[in-house]
């Protein structure tokens, strides 16, 4: 089983749907410790990314991810725009020259993207950001790969790890982003970006498996 | 039984108390068809009138009413300031040269004051204003005087007439003052000025009788 | 009630004290009796312009005192017209020998208090003329009302007549100009929420989440009709059509257009409203020659806006463009 | 949600369209990508000044575009920083050959998007310098936060640096001035109510009738502490003491003082707050050399205010007094 260009397009479609469905949840989470726009940002961004990729994307994997990255960067703004945009941009370079992705290729793609977010945002695990969902997911992917687990199991484990990481942000005090302005008052709320990150992985697991 | 300078001062004291006690009622009535300040206006005005009359009023009846008139005109503003100020001003001239007032003198005093309000405000009975309480009261006073009724009965009857007139303002559509801006929406609400006018007469009945 | 105040009894004076400190170069505030006067008044030989009314409409009127606009403003308690002694003192303080114009909004209380003051001034040899502003199309003008409320046109009249007085026009001419401005101007307002009078401590009226009051004035009084909340486009259409039909404004007219916030409506919304207004005006062949978008005549913390249109000729526009230097209006200086 | 809008998705662009119509003589609004640019830009040989951020803070930033202030402003969605392509296009549109200064408020999103844009511009040979404004004393600046928010000082920096650029200062000098303004300025804000983001449709937080949020920013985020509502005198005392102690401002300092409304607080209250502020400053021997009282950097329809103090030397004050001609600020022109 290998991930093709169509899988990536299907993933973007799933993300457009997911963020539309979870828009108000993400906004409510952001209202508690941020500025109540994360749901709108993600919904707006992935609607554009899906549409532009479907219309203008070149034939290769990298092209699809590049177009998605560009429209996220152009359409989202805020903190999540550059961050998720970077995730897709770095992911695209990891796919350079490939027609399909095997398990190793998929993990390489996510690894490049997540590292990109780390470099841009300078956040560490425990800062109460999207990385608290993404880094555990990456860890699970690497482990799965070592054990030779097959791709849809790897992605299922990664999604589960991301969900645990997301839930673990609730007791954290934010050290990055808007939530950090609240100091101790940021404790007790789940991070919106960690939540959108879990949704991102869940959509990958659901679409890449097929 | 005759009305002396002390009776007038007692009347002003009673009015200060009455409008303080009924302040929020008058304001609520004004909120419904006006601008929610009648209670504050009356309370502020009669607190000043009472205080200034007690301190600075010359020895005669006229002086007490003149001082009260001046402080109402200086302290109230709005529509009710000039109108009640005029009531006391005209009333004061009706007392010129008198040491005490018999029933006829009291009626003459109110008649002069109420006519003054009519001249200044150009309102007629049925326009949904304070005059809808004051004019029936004046009618009752005149009748009582013809029948030789004694003063405290005259004032009791006048207060009752004012109350009926006040209640009768509820179904009226306002043709004068702020309430007239509401057109048909002014129907179904008791007029604040008619209400403060009834309180004014009730206080007179309670104090002049003693 | 949630307000940045100390107590309802002192809010008017404490706010004016702040105005005086913030704009000491432009205005002085006299506390007994209470009025705001232009720094350096009276201006010898210049017609004085005095206005006033209840407080709670800031920047009107105190914020319009200064060169090229008002010589003095008389603030009453919140929503309560000022008293004759304030108006008399202000009028005498700004009389430079050329007489004084009272610009009075059409409310029973304002009319009576300014009237009493004018008589007191006349008795002391100060020549006073009064012009009553009554531009609110939401109130039908008939024997059965106290007439139309004075609203947005007041601000435009104060600016234009202030400029004329600054140019040295005589009292009769400034008075005639003020009547002309009033005759050529119309306004209408809408409220999305009530306002809260400090001394009352609670909202003047209750409005459901999906309702608005159409045809409100500037005193938190309910409007002519309660209607379901609509998109800005429809609200502006309704108001503009009523205003245009009333004068009527005609294709080819040039107007000074004002979109005025009632106090709690952000500028983002007011500019959106202005965009809709120009669209409607354009469809009727009416051209906005000058524009104002902001909070110029408020109703405490009410959310909503009013629209004012003034048919303007070249002379009015050039008077409009004259320098003005007040806390609320400032250009060309 | 009760707003004078048509729909949440279009409110930003429709409001900017209104701004463009209302001030066609001063600014132009480019829709794709979205930015507000000074009429007649670029000004040859002049340093360009570009700012931007989420919408919902009007008049900031679009209202500060014009002679003597910003050359361009990049508005994002409500409370969402603009995107690199907007900033890049605006920067290139105002580059008169002397380079461009980006005035950026310290928010993760603003920093990252302006950063990306600056790289894109540099790649095309446009010299860009960026200064980050971070003046909010309510946020402790430590390794454990994203640093302090940029708030009120942004407005003062835009005016003062805009004047310097207009005078012909070079990029390095304007940049240094901007850092100096940021270093000498501090702010703090308080909210009496939340605000409602149009796309969210309900208040960002709930606040009881007797409560206030102390130490809020300009995005409707909760503040540092929820406290019982207090008289204005105490609120101003608390904020001013925190601001003064932080820099610290010292006896003998001259400051530019701003009392800024958050959007739904009427001018009557803001002037009262200003009066209290001067009282506290006076007691500390600090003199207000220049003053601003009004809505300059709002948070949609939030009720509340912020106080900003900037230690100002003669040069800053004379730059402050220089002519400015924008929709939001206008004097000397």
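Chains here go by letter, A, B, C and D, matching the order in which they are written, and residues are numbered from 1 within each.
Here is the rule we go by: a residue touches a chain if its C-beta (ideal position, glycine included) is under 8 Å from a C-beta of that chain, and two chains touch if they have at least 3 such contacts.
Please read these numbers as outputs of a predicted model, since none were measured by experiment.
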* Moving only between chains that touch, what is the shortest number of steps from chain A to chain C? -> 2
* To do: Please find the path from chain B to chain D through touching chains that uses the fewest steps, and give that number.
  => 2
* To do: Give the label of the chain whose average Cα location is farthest from that of chain D.
  => B
* With chain centres defined as C-alpha means, what is the inter-centre distance between chain A and chain D in Å? -> 32
* Structure fact -> Taking each chain's mean CA coordinate, chain C and chain D are separated, in whole Å, by 29
* Geometric centre distance via CA averages, chain B-chain A, whole Å -> 75
* To do: Classify the chain contact graph as line, ring, star, complete or other.
  => line
* What are the touching chain pairs in this one? -> A-D, B-C, C-D
* Structure fact -> chain D contacts chain A in the complex at 33, 54, 76-85, 107-109, 112-113, 116, 138-140, 143-146, 149, 197, 199-200, 204-205, 217, 219-222, 224
* Please name which positions on chain B make contact with chain C in the complex. => 24, 27, 31-37, 39-41, 44, 73-83, 120-121, 173, 175-178, 180-183, 185
* What residues of chain D sit close enough to touch chain C in their complex? -> 2-7, 11-12, 14-19, 21-23, 55-56, 58-59, 63, 192-193, 209, 212, 229, 231-233, 235, 263-276, 278, 291, 293, 295, 298, 300-301, 303-305, 330-333
